[in-house]
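Alright, structures below, take your time with them.
Two complexes, one shared chain (chain A), two partners (chain B, chain C).
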Partner chain A sequence: MSRSGIASILALIALAFVPFMMGDFFINLSSQVLCYALFAVSLNLLVGYGGMTSLGHAAYFGIAAYGVTWLHTVAGWDQLTSAIGAVAVATLSAAFFGVLALRASGLSFLMITLALGQIVWGMAYRWVGLTQGDNGMRFPVRPEPFGISINSATSFYYFSLIVFAVSVYFIWRVVNSPFGASLRGARDQPRRMRMLGHDVWMIRWAAFVMSGFWAAIAGLLFVYYQKFVSPYAVSLQQSAEVLLMTILGGATTLTGPMVGAVIVTLVKNLASTYVERWNALLGLIFVLSVVFMPTGLVPGFQKLLSRKKKPSAPAEEAPPPAHGHGHAATPASEHAS
Partner chain B sequence: MSTAALEITGLAKRFGGLVVTRDISMRVAPGERRLIIGPNGAGKTTLFNQITGDLRPDSGSIRLFGEELLKLRTKDRVAKGLARTYQILTLFPQDTLLHNVVLSLLGLRPERWDFWRMLKGRSDLFDLAQEALTQVGLGESGNRLVAETSYGERRRLELAMALAQKPKVLLLDEPLAGLSQDERNAVSTLLTTIPRDVTIVMIEHDMDVALAFAEQITVLHFGEVIVEGTRAEVVADPRTREIYLGE
Partner chain C sequence: MQFWLIQTLNSVAFGGLLFLLSSGFSLIFGLMRMPNLAHGAFFMLGAYFGATFINWGVNFWIAAILSGLVVGVLGIVLERGLLRKLAGNSQGQVLVTLGVSFIIADVCLMVWTGDPVPVPAPQWARPPIFFMGYAFPTYRLVVLAIAVVAAVLLYLLMERTRLGAMIRAGVDDMEMARGVGIRVSMLFMMVFMLGAALAGLGGTIGGPIMQAYPGLDADMLPLALVVVILGGVGSLMGALVGSFAVGFIYNFGTALFPDFAYVILFLPMVAVLVLMPEGLFAGARQ
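Coming up: the complex of A and B.
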């Protein structure tokens, strides 16, 4: 088995022990981290592998969260059908929005995704009949997959961990598949890829749809955890935060966005109890990482490690996400002191 | 007359007031080696860009073995058997040479939509890529990164990527540009080994190599065909001298 395979399994085992080491507060926080990590990894299919920076990714996350809530509480569907329906609706909207956004690339692409995201936010906020507007919607009871209750902090954490691990495994397969290679090729040399017979537009669109699908799965985790969804789930703030996670951690790696999700979620939830201006702290971390590790923390530390070890043993795979916050502290404290 | 491998008729393209292609017509027979020469700005690369579909001409027609290309997208033209190398190298520098050729192989295969199997496990593709690299004399370098290779090796890689697709018509845009004399000789020998079922249209400035290679020559100047014919005819034609040497 490859080194990265072993590293992933060790990381997964470490993550499985989280509930034994922490209280409910931190277990819940970890569930939240897993949800955002999946969200960030899904966005990274676009940003890192596809070279398409989107500022509207919360749309699919939020559509799935609203969708499952509406289908379950208003339309009265059962849990499983609601979940499938919600993911289908979110993926279809990604398919449609992708057609619109992919008319452009670069900054124009970013602006179109931003605009589309804001349309979804506007609907969530203003279409009170459908979404109850600013009040948000309650999602009364978590589902019981295979009859198992996931109401306690620990059981919900394991539920999130399984969903997260399975999803990331699928995304990992995609990234390493022939399609993944074509996607990276289309990012680096679109014109050349066309001349090699590749359908660059279709490659990008397929990545866009897939990215929306996995964001929708993260959206389900989100609403199951919060048991509540409000326009915040589809806000620009949300889209920007997940983009920050992706870029901060390192957009060209699979583990980077996970590390980014750990840092951002921890700063948001922990630092905010001590410092009022946690947004500024997040900004500071981002600025420092952009200055000292412009490609993101994971590639940055990989480079540092391989430089220390000399060329004999280049660091092949990123550190497992479980150790992410340890790393997070380093650049900030190093340079701030 | 049999069907031409590449037949261009009445091709015209202008950017605003600048005419880059003025009514170009040419016919390249199957298996032919055609050289296109002309001073800088004669519209040689622009012509290639129109054949591949990077640029849309204002009028005219481009046929590949009798089939009209103009309505097709670049990728569909490639599927019909068109391949091209670039004057300015456009490779994937952070990937290995093998990976570059594999991307080229994937371009014509339905497996490029395979989301699930590991690319690394596709030893069939890597074997084919290895074959293409061996063909251009890079058999030992497959696992190196493009970024670590020399300019001459990259030129060969360009060729390997084009040849791996087993094209019917191959467009070579200055395949010898920027090479040392030794490398020039090596690459030109390589060009002579390409089988005759590949029709080759080449833009090149190195007259020694190019004249030895080509059977038919087209001289372009200001987007127009000035002279066309066999090597001897074109060299003897006073208009060729005029363009290259002035009055």
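Coming up: the complex of A and C.
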């Protein structure tokens, strides 16, 4: 087994012990972190590996959250069917939005995803008959997978951990598959990839859809945890937050977005006990991290270590994916058609 | 009949406001190759500044020009202070403008609280004009007139002056513009200031129609994006046509199907993206 595989299993075991060491407050916080970490990793398929920066990723997260709530409470479907239906709707929207957004590349892509995301937000906010507008919708009871209740903080944490681990495993498999390689190829050298007979558009679109699918899974975790969904879940702030997690941690690695999710979620929760101004702080972190850490924490850390010529980079920080050729900050701007 | 007349006038006036907002956005995007995501925040700031100046007893028009100037200066600070440092990293620049827009929005919330702040229209423009037995809201006609004047001035600036020629050269081919000795970095600053100032001016002028409220930025930014997606990047004509198209669609959508205004906005955008992804007036880029 590879070093990163061992590291992942050790990390998982460590995560499994979290509830034994902390009170309910921090267990709940950890569940939130897991949810956002999955969300950020899903976005990273696009941003890091695909070189396509999306500012509308909360759309699929929120559509799944709203979808499962609506299907379960209004349409009266049972938990499992609602969950499947919601993920299907969110993934289909990603498939449709992907077709539109991939008409452009680079910053026009970013602008279109932002506009599409805002339209979903407008629906959540204004289409009161469907979404109850600003009041949001309550999701009354958490599901009971295999008859096991996940109402307590600890049991919900384990539920999140399992969903998170399984999802990240699949994403890791995709990233390290031939498809992952061609996605990185399409990011760095789209022309050469076309020359080699790859359908670059199709590769990007498939990544877009997958990314939407995993964001939808994160959206389910979110609504199960909150038992409530409001237009904030599809807002630009939410999209920006998850993009910040991805970029802050380092978009060219699989662990980077997780580190980013931990930092952003902790700062958000701790800061909100002292100040009301989360948005200003979010903006400030955004500006600072772009100006001072353009490649993110994890790649910066790795570079630091490799410069010191330490024989083994700490395995915990370095599962193998994506070396990114060091210019991951602007991969997409090169080939504005 | 009165309904259709009024709604048409509202649409045109709103289109005019959108033009003030999105012409600057489009020029900045065309020249600097980056969508300025703080543009909605500039607009909101313009509305709040206008309300404050008017409360201090300043004349409405002077207040509008003042808030345009203040927001323009803020644009210079943003361009010189942050964007310039990230030259070449346009994605970083976009994210910085997004971060700045969050900071501006939160500071506005802190200073002007969460309650909407009304911006009073000038005295003489408040009573409606009666014509052929119909009542026309005077102020909307004034807004339309301002937008037309702004469009003509911008057109003259772009087509008839040396600065305009340089901006067009920069939009068309930045490398070549640099090559023939145009100081492109100077242009960046001027265009950014101009765009910010127009947004700030538009904020005050739109104030009597929309009020200044938290979230105004998030309401306006997507509209500017849709205008530019429809009209194409860096094209004044595109911004003009796109603004009035969006003004009509959004206004009639809100009046007739209040739940779906945003979704209806989406339809022309989809059509344009599918049929002409560069926008309707994409002469400028390659």
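FYI, the second predicted complex is superposed on the first by the 290 of 337 C-alpha atoms of A that agree within 3 Å, B and C clash if a C-alpha of one lies under 4 Å from a C-alpha of the other, contacts with A are read in each partner's own complex, and residues count from 1 in each chain.
Just so we're on the same page, a contact is a pair of C-beta atoms (placed from the backbone, for glycine too) under 8 Å apart; a residue touches a chain by one contact, two chains touch by 3 or more.
Since we're looking at a predicted model, the values are computed, not measured.
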item: First (chain B), second (chain C), both or neither touched by A:V33; value: neither
item: Touched partner set for A:V174, first chain B, second chain C, both or neither; value: first
item: Which superposed partner A:R192 touches (first chain B, second chain C, both, neither); value: first
item: Superposed model, chain A: greater residue contact from chain B or chain C; value: C
item: First (chain B), second (chain C), both or neither touched by A:V68; value: neither
item: A:F286 touches, of chain B and chain C: first, second, both or neither?; value: second
item: Chain B and chain C footprints on chain A, overlapping residues; value: none
item: Parts of chain A lying in touch with chain C, wherever the complex brings them together; value: 53, 55, 100, 103-104, 106-108, 110-112, 114-116, 118-119, 121-123, 126-130, 235-237, 240, 243, 247, 277, 279-280, 282-287, 290-291, 294, 329-330, 332-333, 336
item: Residues on chain B engaged by chain A in the complex (per definition of touch); value: 52-54, 73-75, 78-79, 83-84, 86, 90-92, 94, 99, 102-104, 106-108, 111-120, 122, 161, 165
item: Interface residues, chain C side, partner chain A - complex; value: 33-35, 37, 82, 85-86, 88-92, 94-96, 98-103, 105-107, 110, 218, 221-222, 225-226, 228-229, 233, 258-263, 265-266, 269-270, 273-274, 277
item: List of chain A residues in touch with chain B within their complex; value: 173-174, 176-182, 184-185, 188-189, 191-200, 206, 210
